[in-house]
Amino acid sequence: MENMQNRMSWLKEHLRNEWQIYVMLAPTIIWFIVFLYKPMYGLQIAFKDYSIFRGVANSPWVGFEHFHTLFGSDQFLRAVKNTFMISMLSLCFGFPMPIILALMFNEITNQVFKKTAQTIVYLPHFISTVIIAGIVITAFSPSAGIVNTFLEWLGFESIYFLIKPEWFRPIFIGSGIWQEAGFSSIVFLAAIAGVSPSLYESAVVDGASRWQMMWKITLPAILPTIIIMLIIRIGNLLEVGFELIILLYQPSTYSTGDVINTLIYRQGLQGAQYDLAAAAGLFNATVAFVLVMTANTISKRYSRTSLW
Amino acid sequence: MTNMNLYSRGDKFFVRINMVLIALFTISTLYPFIYITAVSFSNGSEAAAGNVVWRPLGFTIGAYERVLSEPLFWSSYVNTFIYTIGGTIVSLIIIIPGAYALSRRQLVGRRFWNLMVAFTMWFNAGLIPFFLNMRDLGLMDSYFGLIIAFACNAFNIILLRNFFEAIPSSFEEAARMDGANEFQVLWKVFVPLSKPAIVTITLFCMVARWNGFFWAMVLLKDEGKIPLQVYLRQVIAELQDDEEFGQSLIDATYSFETVTSSIMVCSIIPVLIFYPFIQKYFNKGIMMGGVKE
Amino acid sequence: MAGVELKKIVKKYGNTQVVHGIDLVVEEKEFVVLVGPSGCAKSTTLRMVAGLEEITGGEITIDGRVCNTIAPKDRDVAMVFQNYALYPHLNVYENIAFGLRIRKEKKANIEASVEEVAEILGLTEYLERRPADLSGGQRQRVAMGRAIVRHPKVFLFDEPLSNLDAKLRTQMRAEIKRLHKRLGVTSIYVTHDQVEAMTLADRIVVMQDGRIEQIGTPMELFNNPVNTFVAGFIGSPPMNQIDAEVQKSSTGYFVEIDGAKIKLPKLKELEGAEGKTVVVGLRPEHFELGKVKGLNNLPVELDLVETLGSEALLHAMVANTPFVVKAETNGSIDHLEDISTVSINTDLIKVFDKETGLAMGHPTSTNS
C-alpha cells in the first residue's frame, strides 16, 4: 500500500519534471491508436455478419463462417496459390540481382562511369507504380508496343501479352526487377565498402586475380548482409506489390495474377463484402506475422541482433 | 586498387566484360524512359502503329496540348503538390518529436511504447478495417484525411529514433546544463545533429506521397481532389477501353499511347528535378536504420 | 561558506552500488581533483554534483543550498565534457553563446560576454569557425569558453584533456591552472592521470571502487600516503613496495631485503611486531647511488637503464619484485650502468601493514 503511494508520488513528481516528452510522444501514440490499432479492433468483423448500419460492435457474431466460405472458394485458394507463386518467383529471380549488381559495380574502376550508371539504375525506385504500369501497358501493347515491334522484326507473331495468363508473372516480376534491383544494391554496396582494403592488398601481393578476389574475399565478407536481407525478404514474403497487379491484371489474367490483396480489393472495396474480405485479410496478416516472427527469431540466432 | 596498369591481362578482360554488362543493364533501365518520351512527342498514328523506337516520329506536341488543356490534369497536378508538401510537413511534425520521446531513457514505459510502434510493422489489420475506420472517422474524400492517415509509420519513427539514440549523451547533457528544456534540446541540438536522417525521412515521405495512388484512388471520390497518379490511372483505364479513341484517329496528332506517355513524362519531370538532391543523401546508408538496431 | 559539500553520498544502479558513502568538502575557490583508476566512480560522483545523475542517498550542497532535487540548469554549475560536446552545426561564437541564448540574455550582453571569454581564451580569431575546422586544443578551449561564459559558481571537468595528445595535454593543463588562478571559481576536476592531479590540484581526492582512499594536498599524498593503494597511485614511477619480515635488533626494528639490513623508522605500530610481514615502501626518487655511510645500503642488479634526459630510471629485481630507482644523469648515463648498490635514509622509508594496507605512523589521517 505504502509502496503504491510512493510510486504514485514519484510518478507525479516525474510528470511535473518531464511532462514535455509526454507531450512530444502524444501525437505519435494517438496516431498509432487511431489509424493502426483501431482497425485491429475492427478486424473482428472477420467473425461477424457485418452491416454498415449496425457498425462493428453491434453486428452479430458468426464465428468462422467466413473462413469456411473462403476455404471453400476456388477464387480464394487460387489467390493464396498465386500469392505464394509470385512471391517465390520474385524471391528466386529478384533477390540475387542486386547482389550481382553490387559485385559488378564494385569491379568498375572508372568512377565517372560508375557514378553515372548508379544514378540511372537507382532512378526507377522513385517512379510511381502507375507510371511503371503505364510504361508496361504501352510497351507490351499488341499493336503499338515496342516489344511486339521487335518480335515482328525478328519474324515472330505479335503477342497480346497483357491478356495472356502465362505472361502475367514474367512481366510482373520483370518490371519489379527493373524497378528495384538497382536501388536494392545499395545495401550490398555499403557492405562491400566496409570490407577492409588490406584484405585486397594482401591478396594482390599473393597474386590473386580480380575474379578470385570477388569470390574469395568480397562475397564471404558480405555474406552476413546477404543472409540478413534474405531473412527480411522471407519475412515479407506475402507483401507482393498488389498495387502494380491491380493496374496490370485483367479478368483474363486472374488465373495467374489474382493475389490475396487484389481479391480483397475486389470483393471488399469494390464489392462491399467487407466481412468476407476482412477474413481474407486476417488470414493474410496472420501468415505474414508468423513469417516475420520466424524470420526475426532466425536472424536473432544468426546474427545476435534482432531485425528490429 | 584503381590503378589499371597493375591489372593482369585476365583482370583487364574481366573488367571490360563487366563494364559492358553494366552498360547494358544501365541502358535497359534508361530505355523505357527514352521510349515513353519519344512516344509522347510522336505523331499519334506512328505511335499507334508501334514504329517509335528511339526518337519521336512525326514530331508533334499535340499530345501535350491535349493533356495540358484538360482542367483535371492541372487540378490533379496541384493536388499532388498539396499532398506531397502538406503530407511531408505533417509527417515531420509527428515523427520528429515522437522519435525523440521514444529515444529518451527517462520515458516511463519506454519499452511498451516502442513495442507498440514496432508491432505495427509485424501485424496490420489490412485493407478493409483500415478503410472502414477511415469511413467511420469521416475522413473519406478529404485532403486532411488522406494527409493525416499516412502521416506516420513505424519504419520512419524507428529509423530516426535509432539515429537519436546514437547521439552521444553529452550533447544533451551540455544543453541541459545550459538550461535547455526538452523542446530546446530537440530543436536546437538533436534536429541539427540528425540532419542526414531527417533529410532521408523527408525524402521518403515526399517520394511516397508523390507516387502514392492506391489509397487516394480508394478514398477520394471527388475528382477535384484526386492527385496526378490517380488521374493518370483514370486516363489509362478510360482510353484503353475506348475503342474509338484508338481507331478513329488515323493520322491524328495524338493517340492513347502519346497521351498517356505525355502525362507520365509530366509526372516524372519533378522527380527528375529533385533527383540529384535525393541522391546526395540516400548514398549515405539510407537503409541502415531499418536493417540493424 | 563551503563551495560544494557531499555528505554520505551513495549511488546505486539498480542493485549494484557504485558509490559507497562519500564525504567531501570543497572550499570556495578551491581546485579539487578526483583521481583514481578507471571505473572507480569519479564521473558518477561528478555527475551527481552536476545533477545529471540522480542521487540515491546522502546530500549534496552547493553554495550552502541542498541540491539533490534541483535541476542541473538551476544549480549554477558548468561542466566541461571529455568529448567537449561542441555543437558541430554552430560556429565557435554560437557554441559559446548557446547557454546565454537559451537563458534569453540580452543580445548586447551575450556579445560582450562571448567576446570577453574569447579574449581570455585566445579564441577571438576563430569565432566564425565551426568546431570541425579547429585543432584539438582550440576545441578544448571552446568547451571551456562555453562553461566560463555563464559565470557559474562551480566548474566541473570530466577528463577534459584525455582526448589530446601528450604535448597539448601538458600545455592545456597549464592553461586550466592559470585560468583558475585568474577566475578563482570553485572547481572539481576528474581524471585518471595522477600527473594531472598533482599538477592541477589544491587538494587531491584519491578514489577506489566508489570510496575515497585519501584526501590531501599533492605533497601530503606524496609524502604520507595513507595506504599502499595511494602509495602506488601517486608518484611516477610509483613507490617500490617490498614485502619483508620485521626483525628486532638492539638499535631498533629492521627488515632484511636480499641480504641487506634495512633499518625501519621509529614507529609505534612496530612495537612488538617482530615476525610480522610488512610492506616496505621506497620512493624511486629517494635513493642515492652507491654505498653511502649512515644510510641503508641495498644491493641491486640492474637489468635495464631507461634514459629520460636529465634523469634515468634504473630497473632491477629486488626480493623478486620489479624495482625502480630514479637517478640524475649528469649528461651521461655511463656512470649508471654499473651501479650495484643504492642507499636510502631511514626517515624516508614508509612501512605499511601487510594485512590492512594501512600506513604505519601516519600523521592524523585525513581519511574519513
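By letter and in written order, the chains are A, B and C; residue numbering begins at 1 in each of them.
The rule is short, and it goes like this: contacts are C-beta pairs under 8 Å (C-beta built on N, C-alpha and C of every residue); 3 or more make two chains touch, one makes a residue touch a chain.
Remember, predicted model here, so these are calculated numbers, not experimental data.
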item	value
Maximum inter-chain contact count - chain pair	A-B
Far-end chain from chain A, centres as C-alpha averages	C
Geometric centre distance via CA averages, chain B-chain A, whole Å	15
Mean-CA-position distance for chain C and chain B (Å)	58
Complex contacts: residues of chain C adjacent to chain B	50-52, 72-73, 77-79, 81-83, 85, 87-90, 98-99, 102-103, 146, 150
Chain A residues within the chain B interface of the complex	11, 14, 18, 20-25, 27-29, 31-32, 34-40, 42-43, 45, 55-56, 101, 104-105, 107-111, 113, 116-117, 119-124, 126-131, 133-135, 137-139, 141, 143-146, 148-149, 178, 182, 186-187, 190, 197, 200-201, 204, 209-211, 228-229, 232, 243, 246-247, 261, 264-265, 268-269, 274, 277-278, 281-282, 284-285, 288-289, 292-293, 305-308
Chain B residues touching chain A - in the complex, by the definition given at the top	1-2, 4, 6-8, 10-11, 14-15, 18-19, 21-23, 25-26, 28-30, 32-33, 35-36, 39, 47-53, 93-95, 97-102, 104, 106-108, 113, 116-118, 120-133, 136-137, 148-149, 151-152, 157-158, 181-183, 186, 207, 210-214, 218, 229-230, 232-233, 236, 240, 255-257, 260-261, 263-264, 267-268, 271, 275, 278-279, 282-283, 285-288, 291-293
List of chain B residues in touch with chain C within their complex	168, 170-171, 173-180, 184, 188-189, 192-193, 195
